[in-house]
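Next come two complexes, and both contain chain A; in the first it sits with chain B, in the second with chain C.
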Partner chain A sequence: MVRRAGRALCVLFLVALATMSLPLLLPGSAAVAVLGTNVSAAELAAFTSMHHLDANPLERLWMWVTGVLHGDLGTSIVSGASVAGELQARLPITVELVVLSQLLAILLAIPVALRAAWRPGSLLDRLSAGLSFVLLSIPGFVLGLALIFLFAVQLRILPATGWVGFAQDPVGHVQHLILPVLTLSLGEAAVYLRALRANAGEILVENYIHAARSRGMAPGRILRTRVLRSASLPLVTIVGINIGASFGGALIVETLFAIPGIGRLLSSSIAVRDYPVIESLAIIAALAVVVATVAVDLSYRIIDPRISHAANN
Partner chain B sequence: MPQITSALATGTTAPPTSPAPALKRRSRTTGERLQTVLFIASLGWLALLLVLMFVSMATPWLDPFQQDFGATKQAPGFAHPFGTDANGRDVLARTVAGAQNSFTVAAITLVVGAVTGSVIGIVCGYFRGWFDSVVGLALDTLMAFPALMLIILLVSFRGPSLWTIGGAIGLLMIPSFARVTRSITLSVRSREYVQAAVLIDTPTPRILLTAVLPAVAPVLVAYAFTAVTVGIVAEGSMSFLGYGLAAPAPSWGGIIAEGRTALAQAPWITLAPAATLTITVLAINVIGERFKEKRK
Partner chain C sequence: MNKILKKAALGAAAASLVLALGACGTTTIAASGQIGAAGEPKDGGTITFGLDRDVATLDPAKSAITSQPTLAVANALFDPLMAYGPDGSVEPYLAKSFEAMDATQTKWLLKLHDGVKFTDGSPLNAAAVVSYMEHLAKKETACSCRGDVLKISKSEAVNETDVEFTLAAPNAAFPKGFTRQMGYIASTTAKDAFGFPIGSGPYQVKDYKSGDAITMARNENYWGKKAHADTIVFKSLPDTDSRYQSLVSGAADIIWTESASQFNQAELDGMDRSTATTGTSLGVFNSRTAPFDNPAARKAVSMAIDPGALLKVVNEGTGVVAAGPITSTSSYEATAKAPGHDTKEAARIAASLPTPLSFEYLTDGRPQSQARAVAIQQMLAEVGITMTIKATDLSQFGAALVSGNFQMVDFTTSLFGDTENAFTSMYPSDGLANFSGYKNATVDTLVAESKAEPDAAKRGLLYNQIAERGFQDVPFTFYTENLDGFILDPKRIGGVADVSSWSLVSIRPSDFWSPAS
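After this line comes the complex of A and B, so read on.
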């Protein structure tokens, strides 16, 4: 466990170092991108050294880390706004989208997968297998566009794009949430459904399931207490990978639905070479991946106590 | 790009069909018949695309750039099966030309991701040692780096060319391919016939070619189908976001994005290429699935 945590820290350090090297690695100067070409070389040099764009990556990382310990993520070199303030406004939106869509995907996948596994070859089993196969083949942005076309253009019951804060207008908030959350969750639900269905099918032929059935345990209870627990290990892994990756990948849905989350902040900052913003976002995204990986490891021990017993012996 | 990791992590393996009881026999055969029909339809779809691509490249028909301002935003009809866009260009011609670019990017992705990934995986799995640990750490770092950010960075600083886009997506696939080939190589390495070959001083390249590669190859082919679809979807998503080929050049994501503003008046500009993209991915998945089942 300690080794794993050490490796996670090491990965995090390397990602951070790579991000801090971006101003040196990428062609073109951020100073020119921000100030334009009509300024003197001295002004460009002053700008570059003021924002430490020419400092070595380790030094920049050290400055970033000491800044974070003081609650300061730096300031945007383009707008001068504080990165922390920008994140405070945008991060909750992306987190809300990701958490809601993962919850919906899991809530859709679990009952369908378990019921399908209980009766292999049944109508539900074949329908859900076919539907999830098709869903897996639909790219996220195509699914989102199809949903917009259906619900916003044809039926006119939901707004196509935009975002309203919950405090401003709770009903509008939920209306604006539905399509993006559906877009994110349907594809994930298909992945979870297939993984859980495959594992549940393997577990349902085990002896302890037969034992439970012969004792007259109700099917629902067998599925919930016996099958779901053992079948959820791979599911937890995939959910962990997806949650970790989705903070870097919310960009497509945020662009499609014009949602002011961190994905769009990332693409606009790359366009103007706003390195302080890019760096903080990359490190946060990598942190999400690493934390999700460690969380998956820890949850294994809770779901399946045999794992920690084996590790202790 | 969460799809890349999750699709490669789970593959598109079907849930194992449990031994069918005698009573279910009839429904199994109809299911199998349906699968065969789907398989042939998928092959037919890809063949049709290839023929159209050939027509577009070799003949003056299906010119994706020809504009007809007298016929803008025309609904699908006999002259234009997919309709025309805001500049009076034939949407079918643009979709077919988009398929060329999409397939090119997918091919580059596959070469970069599969070849580099498996070479890394085989070398790490066979020789182990410090090299394996260092590479493992590097791959973990690559996976933790936000995927879309990496692609956007590469594309916006190196300029959008087919090679940059394909290379960037391929780079992100290296860890998945390396992990799979590494674990297979590890298990082959410990087999007795390989140990014996090592003992009698068989040259290492020969062991790699005659023992390791044949074990790795079938899994690689099965993975390749998933990787091609991931490449096509990633290219579509990138051009949809505006990080694909520059404006007049047709790509699926680009055409879909262009048509978005006219979704209410001329939905075919968006929906026709979107449907083509989806059906193509579906067709490749169906063929890949068939291949995996045949292997069992």
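After this line comes the complex of A and C, so read on.
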């Protein structure tokens, strides 16, 4: 556990150092975004120096860490807003979007994959294989636009874009969530479905499954208690990886549906080289991935105790 | 499931019918010169305005609300000292008058309206204007207008309503500079609940959610004509396609767009448009380094490009071909003529160059810019010129422009909407926007003369002389004047200004009204 924590800290340090090197590595200038193009090169250099964008990465990392220890994540160069304030407002939105879409994807994938594996070649098996292939082939923004066209423009039963806070209007909140969550989750569900279907198919031919069947155990119970547990190890790995990748997917969905999450904040900050915002967001995203990876590793031991025994021996 | 499918089929059929009916519709301009719902304006209700970007700050000293797509936000919260009138001329707005005090064009007197107040009740008087100018001149304010502000050597409040400006050099078009960033006078002492400086405009901020929406309520104590709608919501809808879908689905009443295909689609969908050709696309040569330090190379490229074809292919036929720096909406008449497209002559010049012409073309990565680059690449290949395309993002593009680290760039700007500013910033050797590095002593003299010339007709002659020199030396090659502006649903909004003759799209949301109210 200590070794694992040490490795995680090393990863975070390297990501932070790489992020702090961005002002020196990336072409483009934050100064141009703020001061415009009608300025001299000397004025741009003065602006860059004033915001420590020309400092070495270690120095910048030190400034960032000392700031964090004082509860200060820095200030946006462009808007002058506090990065902590921006994160406080936007992070919960992205987290809600990502968590709900992952949950929906898992809830859609598990029953279909297990039932399809139970009867290989059945209509459900063929339909789910075809549908997952289609969903994997459609880029997220195309799927999102198609959903907007159908549900907002044609049927007019859901809003096309925007965001409403739960406290402000619970019903409106749910209505605004449906299309973005569907857009994010349908592609993920297709990945989970294919992975789980393949694993479940292999497990269903194992001797202990035949034994359970011969003892007269109901198919539903076999699938839930025998097949799902064994087949979900690869699924958990994919979900863990996807939580990190979902922030990338959220960027597209947040832009398409005009949701004020951190994906959009990161995208607009990169466009104008707003480094204080980029740095904090990148480090937090890395932290999320590291935590998710550790959580996945730990969950292996719960799902399959043999892993824990092997590690102890 | 069947019900849903039936509903979807009905929806699709209904949509087809609407499309077919909408195909017959065109934008109607009322006698008042306004677009949208017909009839008498009504007070009350809410208008939702779809912006194409996130608005990171409502401080007019920053650039977030003073670019064309966001000027409506600035006009809701602040009053510009000067504004464009319906015929494209510049008129006093927050200013009562703004005139030269003598023939030198270096001393100007600004007179403000009596009794104007910021939304906190404090006076917007001469002292407030001087204080704001001092604020803009500070380095830490980081205003992109600082270069222009520093040309004012002295600002002095002579009484409650009058400000005297003394300029470092003559500038006959000085008041025009107050139509944008410099003109939106904000309080230097008071801020709103969200930390932004307050203004004196027809609306005030009720709620600000970063990256989401700005909700504004009518300023009931406004000094001028009060706004119609109770509330205006400016929503950030950054994706071009879903912004349009938001309009069609009713989630927005009016949107900003620069998409040629959407302007065409709007006609089919029964939407109204209020558009202008204020964005000019041109190629800027870097005349400081090879290969474009050779005027013949610049001429060969310029003559090989067919702006008419670019208009058809890239702009889908919307907008007009750019004839030069004096645009189709300028108050000045363009008499200087560019040499024009001539592939044979271009091929001849290219063949006469000491080495085969090959260069890199920098774009800002926007789809239209990319499409134009590809089309130009093909046109140049036909005359034996090799062009490679380098796509960047806006930040990298801006840095390259300022540092001069490019050979040729694809540049789209609204700068030419302000003819005086375009000539004084892009052509002289010390011009702030002379990205080409163009140097011509005669042009410098002509620009200096034009700045000091109070007579518009004579100034126009000087501008044409500068343009003529430019056509000979070719620091730029002009492509198109692009269509941009608003698409709106006439069932849900009225009072949108017809901007077709405007050289700067700066509409006032206080004129908007909601038929539903």
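The definition used in the following text is that the second predicted complex is superposed on the first by the 282 of 313 C-alpha atoms of A that agree within 3 Å, B and C clash if a C-alpha of one lies under 4 Å from a C-alpha of the other, contacts with A are read in each partner's own complex, and residues count from 1 in each chain.
One rule holds for everything that comes next: a residue touches a chain if its C-beta (ideal position, glycine included) is under 8 Å from a C-beta of that chain, and two chains touch if they have at least 3 such contacts.
What you see is a predicted model; the values in this text were computed from it and never measured.
K.L.:
Figure out whether A:Ile238 sits in contact with chain B (first) or chain C (second), or with both, or with neither.
P.N.:
The first partner, chain B, only.
K.L.:
Examine A:Gly121 and indicate which partner it touches, taking first as chain B and second as chain C; both and neither are also allowed.
P.N.:
A:Gly121 contacts chain B only, not chain C.
K.L.:
Does chain B (first) or chain C (second) touch A:Thr255, or do both, or does neither?
P.N.:
both
K.L.:
Under the stated touch criterion, which partner chain does A:Arg90 make contact with: chain B (first), chain C (second), both, or neither?
P.N.:
So A:Arg90 only meets chain C here.
K.L.:
Counting only touches as set out at the top, which of chain B and chain C does A:Phe47 meet: first, second, both, neither?
P.N.:
Only chain C is touched by A:Phe47; chain B is not.
K.L.:
Once the structures are superposed on A, label A:Leu35 by its partner contacts, choosing first (chain B), second (chain C), both or neither.
P.N.:
second
K.L.:
Applying the touch criterion given at the start, work out whether A:Leu265 contacts chain B, chain C, both or neither, answering first, second, both or neither.
P.N.:
Only chain C; A:Leu265 stays clear of chain B.
K.L.:
Output check: A:Ile148 vs chain B and chain C. Expected answer is one of first, second, both, neither. What do you get?
P.N.:
both
K.L.:
Looking at the overlay, does A:Arg156 come into contact with chain B only (first), chain C only (second), both, or neither?
P.N.:
It touches chain C, and chain B stays clear.
K.L.:
Can you pull the chain A residues that chain B and chain C both touch?
P.N.:
27-28, 141, 145, 148-149, 153, 255, 270-271
K.L.:
For chain C, which residues count as touching chain A in their complex?
P.N.:
For chain C paired with chain A, touching residues are 7-8, 11-12, 14-15, 53-54, 56-57, 59, 62-64, 139, 142, 144, 146-148, 195, 209-213, 235-239, 241-243, 245-246, 248-252, 392-399, 401-403, 425, 432-433, 435.
K.L.:
Taking the touch rule as given, give the residues of chain A at its contact with chain B in the complex, in rising order.
P.N.:
Counting only chain A, the residues touching chain B are 7, 10-12, 14-15, 18, 22, 26-28, 117, 120-121, 126, 129, 133-134, 136-142, 145-146, 148-149, 153, 187-188, 191, 194-195, 197-198, 201-202, 205, 237-238, 241-242, 245-249, 251-252, 255, 263, 266-267, 270-271, 278, 281-282, 285-286, 289-290.
K.L.:
Hey, which residues of chain B end up touching chain A in the complex?
P.N.:
1-3, 5-7, 9-10, 12-18, 20, 24, 27-28, 31, 137-138, 140-141, 143-149, 152-153, 156-157, 229, 233, 236-237, 240-241, 253, 256, 260, 263-264, 267, 270-271, 274, 277-278, 281-282, 285, 289
K.L.:
Chain C touches which residues of chain A in the complex?
P.N.:
27-30, 32-39, 41, 44, 46-47, 76, 78-81, 86, 89-90, 141, 144-145, 148-150, 152-156, 159-163, 255-261, 264-265, 268, 270-273
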